[in-house]
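Both of the next two complexes hold subunit A, though its partner changes from subunit B to subunit C.
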Partner chain A sequence: MDFTSFVGPFVPEILLLGGTLLIFLLDVLGLRRNEWLSTVAVTAVVLALLSVLGDLGFGPLSVLATLSPGQIDTLPAFGSAPLYHFTSLGLVFQAIFLLSALLVTLASASRPSDEPGAPIFYGLLLLATLGMLLVAVASDLIFLLLAIEVVSIPSYLLVGYRRRETRSMEAAMKFFIIGALSTVLSFYGASLLFGAYGTTNLFLIQADASTVGFPVLVLLGYGFLVAGLAFKVTLVPFHAWAVDVYDGAPSDVSAFLAGGTKKIGLFAFFLVFLGPVLLVNTAAAGQSPFGGGAVDLGPTLSITLGVLAVVTMTVGNVLALLQKEMKRMLAYSSISQAGYMLIGITIGTAPALTGATLQIFAHVLMKGGAFLVVAGVGALGIGPLIDDWKGFGVRRPLTGAAFALMLLSLAGVPLTVGFVSKFILFSAAVQAEGWFIWLAVAGLLNSALSVFYYARVLKVMYFDRPGPLETAEGTAAAASAPALGAGGLGYGRAVAIGLAAVLIVGVGLYPQPVVGAIQMAAQHFVSAGV
Partner chain B sequence: MTALPVAWFLALSGALLAVGIFGLLTRRNFILILIAVEIAMNATILNFVYFAAFATSGTGLSGQAIAVVLIGFAATEVAVGLAIVLGLNRLKGSINVAQANELKE
Partner chain C sequence: MVGLFGTRLQKLEWGGWLAVGFAGAAMALGVTIAIGEMLNPGAYVNAQYTWLHLAASPGPFPNGLSLVAGTLVDPLSALMLLVVTVVGFLVMLYSIGYMHHDRGLPRYYAELSLFLAAMTGLVLSNNLLEFFLFWELVGVCSYFLIGFYYEKPSAASAAKEAFLVTRVGDVLFLLGIFIYFFHYATTGPNGGWAANGFVFTNGTTPFLPAGAIGSSTLLTIAGLLILGGAAGKSAQFPLHVWLPDAMEGPTTVSALIHAATMVAAGVYLLAVTSVFIGFTSTDQLAIVAIGGFTAFFAATMAVVHPDIKRVIAYSTISQLGYMVMAVGAGFAMVGLFHLFTHAFFKALLFLAAGSVIHAVGTQDLFKMGGLRKPMRVTAAAFAIGGLALAGIPPFAGFWSKDDILSAVYSQLGSHPLYWPFFLLAFAAVFLTAYYIFRAWFLAFSGDHPRDPSLPHAHEGPWVMQVPLVILSGMALIAGLFIFLPNFQGLLLHGDGVAGIPPVYGSTDLLLSGVSVGLGLAGIGLAYQLWGNGRVYVLPADSPWQSVRRLLLNRYYMKVAYDWIGLRAVYGISRGADFVDRYVIDGTVHGFERIFGSLSDRLRAMQSGVVSDYAAYVIAGLVGVFALLLLVAPYLLAHFGGT
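Moving on to the complex of A and B:
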């Protein structure tokens, strides 16, 4: 293995690490103005994103590639039990993660230039993004879990980086306790799997998944792993923390958590569970899970994941219906979206993975964008309640239209990316036949249910007249807020929201390039494993 | 020498995990929660050490190496937890988790 093919694929990670170090250096030197720090952060993220897209062979960007497109899936492994392994699906996920970091850093550029804690914010954000990129290339259980922690630990601090706000600190505390519980469970699961297989390498574990000496250890190990990762993904029995954390965190951080870091758990599900699930769906061996030497995990695992998916989307949607506050509504809707994504992993075929990946891409734009709008309008005198948004669509036509677009896409209305992803996902469930059809039915019913609460927000925004009280308060708050460009949002935030909205419509109208790339990557992922 | 069966060790680490998770969920003092996290992490670390010792082939030193890495990782996590405790204590003058109730359930 020569130097270029060893370091070449890690260019995005190196750029992010460099950005992090530069930001902390600027902090030490006393150069803490928000514009400078955000310029460094945005530059690092953009360069990393261009490099990843180049490696994926996206049009003219491929001149930037450190690898030729065909080379990605055939890079030589490092050692016989490699810690990391580059796949095109991994690179697709890296691009999605970098997109979420890009939206958040762009939006943060329009915060006041003397805001305290800015270096901490940007430094930790880049560090967490670096961890996300590492998750996308992991091929070893311990490497994977440690990479997840490289994301989690900075994100506890990101939630609480405004140290004078009690709500933020409390959210950080809750996030830390739940995060620690999740970490403990998933590492314990990994240790049991190590006991059963004698290795933590995902290739070796999956090659061995149908027969092992200690079936009970395997079953327990996967059980603990599912529970630990389910906390990260906010699947339903493990979801309660998410609403408080997304609500209490600064909204920009909520955008990063809901749009970005939550997805690492889903990719971990891809890596860890797809092998065992696939073994079943293709080979269809039918032995008892508790039987003697041979253990067939597939049916147990895929039914567990399927039930989790259905429960998650239903509970998330029903609770979202009951919310009166905008951020809590978005948080519950985020939980229900995790259920849709899990459908793809339960089925495990290439079309289903394509749908799930596209759904994750869409969610970055829709939910990340929506939280960025919420973060921006706080300065315009709009309170936390949904009813505070009365007449918003009329008073702020552009921002209102972008926000409405994000909600419509979340609901899965045609011509948006949210529709394309759900369409691919549910048709994959129907194609897979068997009981998977019920996943599509549950998904469709849930989509119909979710339309209610998105439509309610739209009605408030466009058809309710603002009462005299709200407008008076609103004007007072807006007058006291610092004057920013782009109608009070600030230019950076306006660009980020605009980018998200354009991508939602653009990919919705002309999905072929994005879907094609994801399809090829998913196909390769399913046939090659890990 | 007759070796102890694996099940005994598993029982020990299972008990440690149970103690840790029980503490994590029931304690109201944040420092005690951090200690509970440490106890539960130690269950995992023990597992890696003796599974590596019991393994008949192939693992080499990987179990012990993972254990060392995890000890470092657990320390990192607790350091971040302590930072959050300090911030919370400065704001509210208390490290009681039950008094953190500004976010409604």
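Moving on to the complex of A and C:
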């Protein structure tokens, strides 16, 4: 294997690594102005994104391709038990991850230029993004879990990088402790699977899944993996950290966590569980320890994930209904959205994966965008409570409209990307027939429920008379904040929010190119396996 | 067509003139389209854009699933477009005068414009999903506009009532759509209905094979669900209760939305369904029954009501009943013809009533009187509208109502069960003439108002009079359109769906004679009892008193609904409260207790909260194991497979 074809596919990762090193170098040299650092970060992310899009064969960018388009899914694996493997669905996910990183870095460009901690922020962000890209190409359990750690460790630090803010520090501590616990669970699960299969390679596990003779070991292993990965995906009841962390972390970091890092867990679910789920009725032949005949690994996992999905979306929605603070409401809504995404894996058909992937893409835009807005207006003297947003839509028509759009998309209103993704997801559940239809029913009921709390925010924003405009602290904060362009948001943030809003409507109105690409990738993924 | 936005920011004339301008442009386009359709009878313009396409895969949609957004102009929609844009423009113009003194005008014009946009969108939809989307949108606009005077509790509650009652219909409609989707998903050319986005037509023919409906139970149910949706929107029995209360909105809104356009959407839905999908014969009977019964039932309530607007509202329900009956009998275009004439004369009646209310500041007929002299234009307009409603030739209502009666009559032979409803509808002709002229005599005849405290009445400004005059003209001649060959072409749907019944043979003449006779008798009775300022007081010991009470209380249906609603809603909320307090809280506290001991040990190492989270993780792990090892195998063993 020659050098170019070995290194070529890793251009995005190399770009990010280069960006990270450059940023830390600038830090050492004392060049810590936010503008410079953010330029480096944005450039690295944009280049990496272009490269990934090129690899996907995306129109004019295909000259940048380092993988031959159309053949990504047919590339030979590296060796018989490869650590990594390129799939077009993986590349789609890389693009989604990079998009979320792009939104956050763009928005952060609007921070004050002498803000402390900026090099740490950008460096860690790029490092975490690098880990996310690696997750997307993993084909081995250990590689996968290590890649997840590459994401996790920087994200713990990101949450707490403002060392003076006790709330952030507390959130970081919680995040770290629960994260460590989950990592332990994941690795323990992987070791049990190794015990059962004699390998941690996902290809080999998938091929072997039908022949193994230790059903309990396998089930326990997958059980630990579910629990460990569910931490990332914020499935109920593994979700509790998320609300405190999203709430306590700087909002830009929350945007990254909710929009970006959370999605690696979902892709990990794709990788780890699709094989067994797809192998319906063939897996893990053997006697169940509790009687009842042979254990069918596929349906068993499927039911487990389905229950988790329904519980997650329901609990997330119900708790979101009760929230009075904007960020906490968004955090719970984020949890419930994870439930929708999990539906796709539970069903495991190509349309379902398409729906889930599109939902993930949409969520980056909607939730990432919403957190960016919250972060931006925090500096304008709007408090943490939903009631502090009274009259916001009237006072700031453009930002208000963008935010309203994100909420509408979260609620799944037609002409937004949120509708398209939910539509595909639920219709896939209906198409799959059997008990999966109940997933669609649960999803629809939950969507209806969620409309309440999104609509409430819209009502507050547009119909409630503004009370006393700002809190005392808020006014003080607004006064002390340096005047930024674009109506106090800063240009970078305005561009990021605008980009998210435009994509929400654009893909909502004209979904075919994006849906088509994801559909094809999902088809390959399902037919080829991992 | 939908460029009707942006009024919000226009402070100049509160955006009213801007809205009028856009509505005028919309009218010009609508009229052009309708004329184009008249000149090329049966022409179709069908432009669409595939919005989303899902690839083929096994399941109920084996050929894939598409969502399309498109425009379909056919005779049906051209006729509706004409009605919506013309009446819309006139009402908008009238509003400039009528609403002049109100606050919140930008909101008013924005909502009215949005309504017009949604309504034209609904009319032009080329597929069922898009139709439903706009259907919901007009519902929301109606909700906003009924509640325009939201400070008034009665208006706010009327808006809510309208919204909730029509929602019942919407849910039924949606269920009907689902049944059609699954039943017809693979029927028709190009891989089936689902793969083509549930469009109505394939080129110029209905997408679904016409007349192939048979007598499937499932499709009968679907048809009944569609009827339910239409009944909600068009205020048919038993979902009629919201429309009289919707009169809490501005009179202009009543004229546009609750007389001419939105309430007609239900009839339009039935017409579209009958042309493009088809009803089973059971459905047809149900539709005729609902329509005929509502026509009579609503007319009886209009007979005694003292409120000028509500009288007209009941009359609207009753007239919609006629249309529904015609569509049910298989004459969709006849129903739409009545819809067309009705839109003009009913808008006229409402605007004339609005003019009266504008002048005297009350809606109580018994306080008015003698308004003929100061308000000649209004009095004449109301009279013309009344004559058209009563079905006196040559006014518009005569032609279309007679068309319906003879259309249904022609089907009596094949469907004997139509008889009672036909007779009810016939009887309603008499009541209609009576109640509308009772209102006219009460308001306009005599020498002076019965309540001397009323302000001195005067005509409204020109912007209010012009629409009255134009609509009067339409009420006079709209029915005569049927003699224009081109207009007949519009009514004859291209697919040979029966348009006009045999034109005025001897039976029809006899029918017309009887119905005109009934109409005149009704007017005569009204004159006898209420003419020249007379007030007829029913003797207190008359046996009719109980009937009167029954009618005034709307057959106690609203009371019954309220009672049911109260019980049901309170019951549910009390249940929810119970669940919240005891089940959810209890569970939460239970979990706390269960994991308390476990987390105590962890708490020693870290802050309280984190250990809770860790406990959740462990609990979750246990739960996952339970699912994997116990629940899932159990389910699989008992329900098998996937």
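As a working rule, the second predicted complex is superposed on the first by the 504 of 530 C-alpha atoms of A that agree within 3 Å, B and C clash if a C-alpha of one lies under 4 Å from a C-alpha of the other, contacts with A are read in each partner's own complex, and residues count from 1 in each chain.
The criterion applied here is as follows: a residue touches a chain if its C-beta (ideal position, glycine included) is under 8 Å from a C-beta of that chain, and two chains touch if they have at least 3 such contacts.
This one's a predicted model, so the numbers in the text were calculated from it and none came from an experiment.
Once chain A of one complex is fitted onto chain A of the other, the partner contacts of A:142 are limited to subunit B, with no touch recorded for subunit C. Of the two partner chains, subunit B is the only one touched by A:163; subunit C is not.
For subunit A, the partner that touches more of its residues is C, with subunit B and subunit C as the two candidates. In the superposed pair of complexes, A:173 makes contact with subunit B and with subunit C alike. In the superposition on chain A, A:435 contacts subunit C only, with no contact to subunit B. Of the two partner chains placed around the shared chain by superposition, subunit C is the only one that A:182 touches, whereas subunit B remains out of contact. In the superposed pair of complexes, A:244 makes contact with subunit B and with subunit C alike. With both structures placed on the common chain, the touch criterion links A:387 to neither subunit B nor subunit C.
Residues 170, 173-174, 177, 181, 244 of subunit A lie in contact with subunit B in one complex and with subunit C in the other.
Against subunit A, in their complex, subunit C makes its touches with residues 50-55, 57-61, 65, 67, 133, 584, 606-607, 609-610, 612-614, 616-617, 619-621, 623-625, 627-637, 639, 641-642. Put simply, subunit A touches subunit C in their complex at residues 170, 173-174, 177-178, 181-182, 185, 216, 219-220, 222-224, 226-227, 230-231, 235-241, 244, 280-281, 288-290, 292-293, 295-296, 299-304, 307-308, 318, 349-351, 354, 414, 420, 423-424, 427, 430-436, 509-512, 515, 519, 523. If you check the complex, the residues on subunit B that touch subunit A are 6, 13, 17, 20-21, 24-25, 30, 33, 37, 40-41, 43-44, 47-48, 51, 54-59, 62-63, 66, 69-70, 73, 76-77, 80-81, 83-84, 87-88, 90-92, 97, 100-103, 105. For subunit A in complex with subunit B, the residues that touch the partner chain are 142, 146, 149, 153, 156-157, 160, 163-164, 166-167, 169-174, 176-177, 180-181, 183-184, 187-188, 190-192, 194-195, 198-200, 244, 247-248.
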